[in-house]
Amino acid sequence: MAGEKKAAKSGGIGNKLKNMTDTNLLLLITVVIFFAMYIAAIIFQGKGFLKAQTFLNILNANAALIILSCGLSIVMITGGIDISVGGVTALVGMCCAVYLDFKGGNVAVAVIIALAIGVAFGLVQGFLVAYLDIQPFIVTLAGMFFARGMTTIVNSSPFNVANEDFVALKGTRITVPGLGSVNKLGKYVDAYVEIGVVVALLVVIILFCVLRWTKFGRALYAVGGNRQSALMLGINVKRTRFFAQLLCGILAGIGGFVYFLHVGSGSPSHASGEEMNAIASSIIGGTMLTGGVGNIIGTLFGVLSLSTIKNIVSSAGLDQAWWTGITTAVMLCLFLVIQSVIMKVRKQG
Amino acid sequence: MRNIHKSFPGVRALQGVDFTLREGEIHALMGENGAGKSTLIKVLTGVYGKDEGQIFIKGKEGEVAIHSPQDAQKVGISTVYQEITLCPNLTVAENMFIGRTAGAVQNWRKMNADTDKILKSLDIPAKATQQLSTCSIAVQQMVAIARAVDMECKVLILDEPTSSLDESEVEKLFKLMRDLRAKGVGIIFVTHFLDQVYEVCDTITVLRDGQLVGQFDIKECPRVVLVAKMLGKELDDTEEIKGDYSTYQGDETESVYEAKGLASNAGIKPFDFYIKKGEVNGFTGLLGSGRSESVRAIFGADKVTGGTVKMKGKSVKITKPIDAMRNGIAYLPEDRKGDGIVGDLSVRDNIILAQQVLRGFMKPFSKAETYKIADEYIKLLDIKTASADTPIKSLSGGNQQKVILARWLFTHPDYLILDEPTRGIDIGTKIDIQKLVLKLASEGMSVTFISSETDEMLRTCSRLVVMRDRKVVGELSGEELTQSKIMSTIAGGDK
Amino acid sequence: VGCGSSDDSASDDSAQTEDTTGDEEEPADDNGDLIKVGIINNDPNESGYRTANDKDLKETFTEENGYDASFAYSLKNDEQITAAQKFIQDGVDYLLLSAADTAGWDSVLQDAADAGIQVILFDRTIDADESLYAASIVSDMDKEGQTAVDWLDSQGLDEYNIIHIQGVMGSAAQQGRTGALQDKVDSTDNWNIVTQQTAEWNAEKAQQIVQSVIDAGQSFNVIYAENDDMAKGAVAALDKANMSHGVDGDVIVMGFDCNKWALEELLAGNWNYDGQCNPFQASYIEEVINTLEAGDEVAEKTIIMEEKGFDATTITQEDVDQYGI
Amino acid sequence: MQTKKAGVGEFFKNLTRQQIFIPLVALALLLIFNLIADPNFFKITLGHNSAGDPVLSGYLITILDSGSELAILAIGMTLVTAATGGQDISVGATTAIAGSVILRVLCGTDSRPDELQAPIIVAFLVACVAAMLFGAFNGVLVAYFKIQPMVATLILYTAGRSIAAWINNNELPIVSDTTFTYFGGFIPGIPIPTPFFIAMICVIVIALVLRFTNLRLYTEAVGINENSSRLNGLNPAFIKILSFVILGLCVAVVGLIKVSRLSSINYSVIAKDIEMDAILAVALGGNALSGGKFNMTASVIGAYVIQCLTTTLYKFNVQSDALPAYKAVVVIVLVVMSAPGMKDFIAGIKKKIAPKKHDVKEVG
């Protein structure tokens, strides 16, 4: 399936491929592979994947990841990285949970708390990375340790949030007309998305516009392409890197809240390993860790691809636990190799 | 600029330099490699902070503070730096406009249209939407120039803009410069081509070893005087150098290297090529005609896709650089920064690298040996470096080139390929290199020499392979070696 | 797998009801006749306990027994939730769930209820309304802890200086086993906690924790580790410092889960106590499913399994063979 | 006064320019802190373990003991970082694989054998081969497919522990042979922990390799400029794969120590999160994570700094799940102190605060 599609594409518009920027080509690859994969899943795994709700559930479950990955794409485009996002997500969730439950506070303030935590991490990490020129990996690794540690200091065990407003917000479902399906009791169930998905899609759209049409967005690419050159072209490199890191922090705050809204509880183990998922999604979506190349729409598809892989694996009904890990890895590997081979082919003309 | 000082660890790059640029003049900034020209420019545009000194600009009260390239742009200074400083991942249009448009929003359509207009007016063979890294170096250089020229500026700085341009493009550039001068723009022009200086410049400032030698009016400063000022000594006449060595005499020996139908995936047409022992030959042609690709194919630097190769009569297989090296071929690449230097490594490591690879993984030179070797070549080629342990990236461009040359000489090759070895090299050194080439040849080394300066080729080569559109279209030797004959072969009678 | 039987759920239902009454006479060759169960479990290589648990489930929910079982494994709550949602979309009949975290399950379970899917919790309870699941088959962790603490109390030491090594914070096992001990320590004067740290079920971390106490020269006479792995790590540190442990030793070693090798340590007198945590829930689950398929109500929502504690002085080889996992 | 200061300043400047200065200072600071807080930290006692063999114990010994695995991994990670400009995040998972292989070979099909089914050395060699193959797999993805290291290794990071479980059919083998415990414990008669010995052997071996081969030059050259390395006859892909294979070897050694410590394995927690610490060790050693030049000694010291910090925190009874927070603070303080940008920044601040003497400000 994937092969056919690819062949058709590269045959028909072979020349066009060559003239595309790396960013656009990578985006195209991701989108094509994603659709190929999804269609293959429908064919081989049947009805579950045909339901719209299955797809919407991927969105529901990954709204937070989409937001986090967007943040990562931005720093990765500038040639940086942020591995604190998973930790920040957990911390945000825990702080909001404690605030809402023990302090009986209101949801708006919780949102502000979430943002404040994101901003704080963004500011500090941005400052250290941009102005003190410390390697972003270390800074954000420390950030991750800090966030994880703080989460257990705030509260070491998980609990559900019972705050009424919050529960209502969490339960709010935006029905998508016409996409529902009949359940096994014969009842028609509307397809729905959670609020988080709306937030995530908004983030994607806004960031897409920012990256594409604002000077700041283009500066991010320039800084990632070649920092020295960007400086000499008259871009304020330090400020750009600072804002990229800050933006990523803020998005981690927002993502953290969306995650919290999705699971409705605070726990130190929340979002563990989420930074790796976010990085992987970004890269699958065509962002280069080396900087200068990347795309927000690609990132969206990166998240979808990664979670579709997991979804396919989990509904394949594997009989041994280890196959879950191994199969996921094999599919990930295939995906990356296809991506890389296409890039190679085009380089050789 | 008054009394500018700037030091790097171990180097005092500028020591009390004064520099004055008047409105509507083209001012040449001259000096040997490592004299401090680029550093002076970078101080002026705020890339480096200065240790001491002041900068004044007409119309501004007192000293101006320039802390970053943005500040420089704001006060009307636009710059083309020596190493092409554009972002390879962006499109041509973006490189043209980034960092200098007003407002927060980028209007792609307008930008692309403007860019296309500029590209067209300057005859640059690129599309606005093309990713910069897919353009050749020359085009990138032109884009950088176009960007600088397009800015509304009072001062335009060009640091060796012509080093990778061919004559027609240089002509275009000069026309531009004259137009700007007429509009009252002051231009600082750095180059190592004396002809170009005399063609467009009004005033000359000479630096030597970070110190100001003086500022001169062009008319009061004939060539010989200028060279003497730059080098601090008289230079022997350039026309003579070929005479110092007995030129290559001919056909008695078999070929050191001989290829039939050689082709690579870089897109050159299959070609035949040979070189004899002690011969100096060269590839000539216009920019982008495939000279570099040809020699890369010989060295196995690009993937070789066809052809047979014989060395000293024995048939060999050269598909990777290491094969070529084992067969005694050495190759000094054209793109010094990308393919030549290993930036963070010391001068010493850079010199021994190739030979070290040849010796093999298990046989490193001892530390003492490496110092000895490095010192020997630093002296031999007169490389200006603070020490053998200095990272090569902090050397001036010309000196980096010499280090790479040292690296290959140290492998004692039978056949040396030099692709633009004199690019960005000062006139004194240029002649030294040419002399060196002839000396090596007289000692029995075969050399292929590529240069964009035809007279340089004429001075050194005894046979020229002419290329057009990635195809070998002719071969000239002996009596045929004249400017006009080369030109007509390049142009090809048909058009 | 699972290509057929996509549309009519009504006939599905009736077929299943019949099937269960007839039970397991012959393996059904049509997938439609099988009861579809989606099983969400923790990663079986987490511990011996989990391995046994997973094996037990696999042996029960086979095609021969009339089930079409899909498994999903994860130690992460959000991944488990995603898997649950996938199973709901796939239209399983029963969702069997051993949740990684106690919190965060309400809305998924609501979805399951909306889709007409019965949820059965096993091994771990969750923090959600009872109406959202059909049954919950769990160990009473509080009781496990209490049994252990009572046993410890019965040892009649003059003073209890305890190194308390906890499991992953927030897991039901940790909460239950910690709770009993904490209460006792709070309420009794001669019970002291020397150090209380989580080793997150990790033997190596437990070793470091105990090592640190030994290096500090603090004295202690009880190691209360919340599972066998961690007890093992702790004992490795004791051995290095030549501190005697087990029956007649200076330090009392306590573990949980009844791994076979742990019971053997008990038998050899190297450890003192091991609390059982019964991983064999599959038969209970099956019973619940049978009841539900028959259209009956489950009498007791929460089914608590029998569990014992073993003392090194009284344990026998038969115990090891029977209860070791 | 002015001149005196300059002299001292010059001395310090030279010292601080040494890359190894940073981890050394970090180590010194930690030790000094402990000295002030509780001199007992430095107490080392000679005792006997339960087998009656002499052993040294004390915090310092604990650091040397438990830091060994990290130090060994730091060696390989430094090379990978230098050659590829990226990091391998699969080392924890591949350690699980290596450990699993060792146990599989030792125990055969029976998970609780009474005697070893194969000599330990054979088991170890098989594990080495396996770990190096997995290393090569990572290397091929990075070198030939040009997948960025962190993502290429994400594949094994995802699959590694599952593969480890699969190798032993998800059973938990236990080795009862006492000689097997020597690698993670003590060799009878030698009171120093064996892991420390093993780490030192690794350090010496790599030092000799760096001294007597061109590994350093090749790796650095490839890490700095791949194109020009190729034109100098190197095979960058091979060098990159080589670095991953060497890391694989380190992983096998670590796997041996880890399973030997408890004579058993837990697939999901063995060497958990060790990859982050290993990368941190490389970074604390002052090595650029973007590749190029490296300092091996500094990385190894960096590893012991991390362990020293962990042990110190344990000593102060910091809640172990909150430990990362404290670690983060110390790490940040250390890197900020050693940051090259710090000097500029302070200079910039000073100039802004001080009355403008000369109008030279920091470059923005």
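Lettered A, B, C and D in written order, each chain numbered from 1.
The rule is short, and it goes like this: contacts are C-beta pairs under 8 Å (C-beta built on N, C-alpha and C of every residue); 3 or more make two chains touch, one makes a residue touch a chain.
The model shown is predicted, which means the values in this text are computed figures rather than measured ones.
For the pair chain C and chain D, chains touching both partners: A.
Centroid analysis (C-alpha atoms only) places B farthest from chain A. Taking each chain's centre as the mean of its C-alpha atoms, chain B lies 43 Å from chain D. Per-chain Cα centroids separate chain A from chain D by 30 Å. If each chain is reduced to the centroid of its CA atoms, chain A and chain C end up 33 Å from each other. Looking at chain D, one finds that residues 161-162, 165, 170, 319, 321, 364 touch two or more other chains. Residue positions 43-45, 169, 198 of chain C each touch two or more of the other chains. The set of chain A residues that touch two or more partner chains comprises 152, 156, 236, 268, 321-322, 324.
Contact between chains, using the touch rule, shows up for A-B, A-C, A-D, B-D, C-D. Those residues of chain A that touch chain B in the complex are listed here as 19, 21-23, 212-219, 221-222, 224-226, 228-236, 292-293, 348-349. By the touch rule above, chain C contacts chain A in their complex via residues 1-3, 6, 9-10, 12-13, 41, 43-45, 54, 58, 68-74, 76-79, 81-83, 85-87, 89-91, 93, 100-104, 106-107, 114-117, 127-128, 168-170, 174-175, 198. Every residue of chain D that touches chain A in the complex is listed here, in rising order: 85-87, 89, 141, 145-148, 150-152, 154-163, 165-166, 170, 276, 279-280, 283-284, 288-290, 319, 321-329, 331-332, 335-336, 339-342, 345, 364. Interface of chain C with chain D (complex): residues 43-48, 51, 75, 169, 195, 197-205, 207-209, 211-212, 214-217, 229, 232-233, 236, 238-244, 259-261. Within the complex formed with chain C, the chain D residues making contact are 40, 47-51, 55, 57-59, 62, 66, 112, 161-162, 164-165, 170-172, 174, 185-186, 258, 261-262, 264, 266-270, 272, 310-311, 314-315, 317, 319-321.
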